[in-house]
Amino acid sequence: MTDQTAYNFAYLDEQTKRMIRRAILKGVAIPGYQVPFASREMPMPYGWGTGGVQVTAACLVPEDRLKVIDQGADDTTNAVSIRRFFQRTAGVAVTEATAEATVIQTRHRIPETPLTEGQILVYQVPIPEPLRFLEPRETETRKMHELEDYGLMHVKLYEDISRHGQIATAYDYPVKVEGRYVMDPSPIPKFDNPKLGGNAAIQLFGAGREQRIYALPPYNEAISLDFDDYPFAASKADHACDLCAAPDSYLDEVITDDQGSRMFVCSDTDFCASRRKAGHVGPMGTPMAGG
Amino acid sequence: MYVAVKGGEKAIDAAHAWLAEERRGDTSVAELSVAQIRQQLALAVNRVMAEGSLYDPDLAALAIKQARGDLIEAIFLIRAYRTTLPRLGASTPLETAQMAITRRISATFKDLPGGQILGPTFDYTHRLLDFKLAAEGEVPQAPTAPASLDAVPHVTAMLNRDGLIQTEAEGNAPPPDLTREPMEIPTTRPLRLQAITRGDEGFILSMAYSTQRGYGRTHAFVGELRIGTVAVEMEIPELGFSVEIGEVELTECETVNQFKGSKTEPPQFTRGYGLVFGQTERKAIAMSLVDRALRWKELGEDNTGAPAQDEEFVLMHADNIQATGFLEHIKLPHYVDFQAELELVRKLRREALAHGEAAE
Amino acid sequence: MWARWAHRWQGADVDTSIWAKMKTQPLLSVRDLSKFYGGRIGCAGVNFDLFPGEVLGIVGESGSGKSTLLSCLAGHLAPDRGEVIFATAEGPRDTVLMAEAARRRLARTDWAYVHQNPRDGLRMSVSAGGNVGERLMAVGARHYGQIREAAVDWLGRVEIAADRVDDRPSAFSGGMQQRLQIARNLVTGPRLVFMDEPTGGLDVSVQARLLDLLRGLVREMGLSAIIVTHDLAVVRLLADRLMVMKGGYVVEQGLTDQVLDDPQHEYTQLLVSSVLQV
């Protein structure tokens, strides 16, 4: 029995990182195309971010500054766990400030603060295949992507409208990338979709269990699927943040008592905190001491 | 006044501390040692090695201790550890015909060269709880007999000599490695076998059972089931010849299945194959049935739509680490997406009610 | 179009197909198409040309090889020998040798396939409108209102009431499902339609209605079609030309009325005479 307590930088061995980087490069070269890669078994379970962790591990250099969020917050348990993992195995600096991070790993949200050139946003993806729930067979969906045979995708949207009067997808809303591949943006709320296209950062998507990596290079076009007469709308709760008064950030609904009282708070904790530090106060907020 | 709760780090630390206490349990009870697990829970150790894809009984025992007996959690520990190990090379193909046999049975012949050797099996025990085991005590010595050192030929080799059973394809090319390349469907038999041997025993068992009940029936006979130790040899380039680097305990099962022929080809029996680390009999037999079921296409059989014939279905759902990871991930916060759904449903309801009112 | 007119001349022995050939190139040329199952013959040595606007019937009893032939023609089965040359936009191409991607593209645009069992040719969990609109959406239609309008229009052409547009095919009768399948296939104006026993499994009165509908659509749209059937009444009504199959071989072929009224091969004679004269 060997005793191994020393790990390579960011846990993965160099050969594995090279393999992942090759997959990332292929993904960047063909925006929106799902590149198969030999996902490694990681110390956290499949479905809990192993794809994102492998992509981040392959991208990290010692000078990086890492931010990890889940549901937009730095302090949710899984974000804490992943951030700790990289502190232990890579020793990189960590931050909660979006503007100061060089690599951001995220689950289910795009930060409100616009990203800049040189930043990398790594998404955790559970099911990379946008057609998966319309067609369970991988052999079939592969052909559909190859042939640009996306009729079924639009049939689903058509059915939504005929049944509900509108497109009934609230998150995981598919986009067409650079006019070619239909891509699953991971389960971000559709409110975040407009931030996908024309983004200055490199956006990388890692699905560990399903063994796929894909990418949106900077400033690439990512158009949410819709109909000409039923255009895509990035909607959210019709409310402002009760703590910082932000009118246009995605909000969490918090139930405050069992009479049904609720309040709405920015999902992006760093964004909210920054606004409050800058003096913005919402209806249920208190002014922040100091600044 | 609502204050955003911070304290995820503290919560995790406290949870893990409590977990460690629970794992140890009542301190007035003697602590379980890794050696005890390795010796006295050997079949659990075998399963963890088989599905962890790592032959190291001590490590597997440690994993079981750390996992508090949850075997899938233990397998996870082994898999994660395995990822960090350096790859030194590949062994030469194992010669199971040279196995030092502990147990060897064949259902196809009453007697055969090498004999029928029951070995240390639960077979034919009466499944009555033995309350004497609640207390510790001496175990009487089992009778012994001189062991034969002759190599025991495979039943399938004997059938093959008469051309009664299909010959497996020979191949000296290094086999692909399931853990080093992404799985793509359709796949090849070596990759299928790798996926099944490390797949969840319960899942493979159920798939095999389904074939016996008619969902893709293959008429399996156990031609050969053998358990024992096999030498592992590796070619050392600097030496120019291969050296034995150790030995492993293996369970090998070869089934003799539904014969197949046509007007132009005389019939032959077909084969299924199972190979698993350790004494892991149930898994090896199940593996060979599922292997055979998945060979329908190359054998020119019909796809009856049975789940065990669906390569994508079987291989995509056999890995219990993937399965449990994804299953349990639904415990993670999903409130952002739920919020989006909530808003959508509220909007649809508002519109439906408004529509209803307008109609009145 | 001459072939269609010509076969109405009773007793006229004019080989009008020569005229057709002089005017147009074949839409589909099949040469020596064969498929074997071990020692058994699926179909063997099939040769024919199909011209634009022509309807070819393939008749025979079960086991004659007609379904195998259709599957090979439509690219569902790989033949062991022979060529299936289709006049694509880029010129004549042997579809047997085509990459699967190209064949699938063909199946979505220039070709259509009407299955015997409509459930095989429809998405049962998608509404009638969605089923009809799918091919439009697959080729780029992006206006919900217009897609829905086109779907309703087509439902009308196959005599399905407009208010069924949001219903699922599982709620339709067999005849309605079959008509829906036809609408789904024809909405993008394919040039060649394969039909496998299109009236199989339907009541006699429903069959008659369906055949009338098909005849009208084929004529209106100038479709070419290859129809496999065991029912001589279907070919009498729909097909310009006829191929009779037995044991995997084509035993007789020619103009429909000629073959049915004056069968030369003894098997054809048997087939024709065994149809009940009511």
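Note that the chains are named A, B and C in the order they appear, and that numbering of residues resets to 1 at the start of each chain.
Everything that follows uses one rule, which is that a contact is a pair of C-beta atoms (placed from the backbone, for glycine too) under 8 Å apart; a residue touches a chain by one contact, two chains touch by 3 or more.
Treat the numbers as computed from the prediction; the structure is a model and nothing was measured.
The highest number of C-beta contact pairs joins the chains A-B.
Ranked by distance of CA centroids from chain A, the top chain is C.
Taking each chain's centre as the mean of its C-alpha atoms, chain A lies 49 Å from chain C.
Measuring from the averaged C-alpha position of chain A to that of chain B gives a distance of 34 Å. Put simply, chain C touches chain A in their complex at residues 100-101, 104-105, 108, 123, 126-127, 129-130, 133-135, 137-139, 142-145, 147-148, 165-166. On chain A, the positions that touch chain C within their shared complex are 143, 146-147, 149-152, 154-155, 158-159, 161-163, 227-230.
Of all the residues in chain B, the ones that touch chain A in their complex are 1-2, 4, 6-9, 11-12, 56, 58-59, 62, 76, 79-84, 86, 179-186, 312, 316, 321-322, 324-329, 332-337, 339-344, 347-348, 351. Partner chain B is touched in their complex by these residues of chain A: 1, 4, 7, 11, 13, 36-43, 45-48, 50, 70-72, 75-81, 84, 107-109, 126, 137-139, 164-166, 168, 170-172, 187-191, 209, 211-212, 235-237, 242-243, 250-254, 256, 263, 265, 267, 269, 284, 286.
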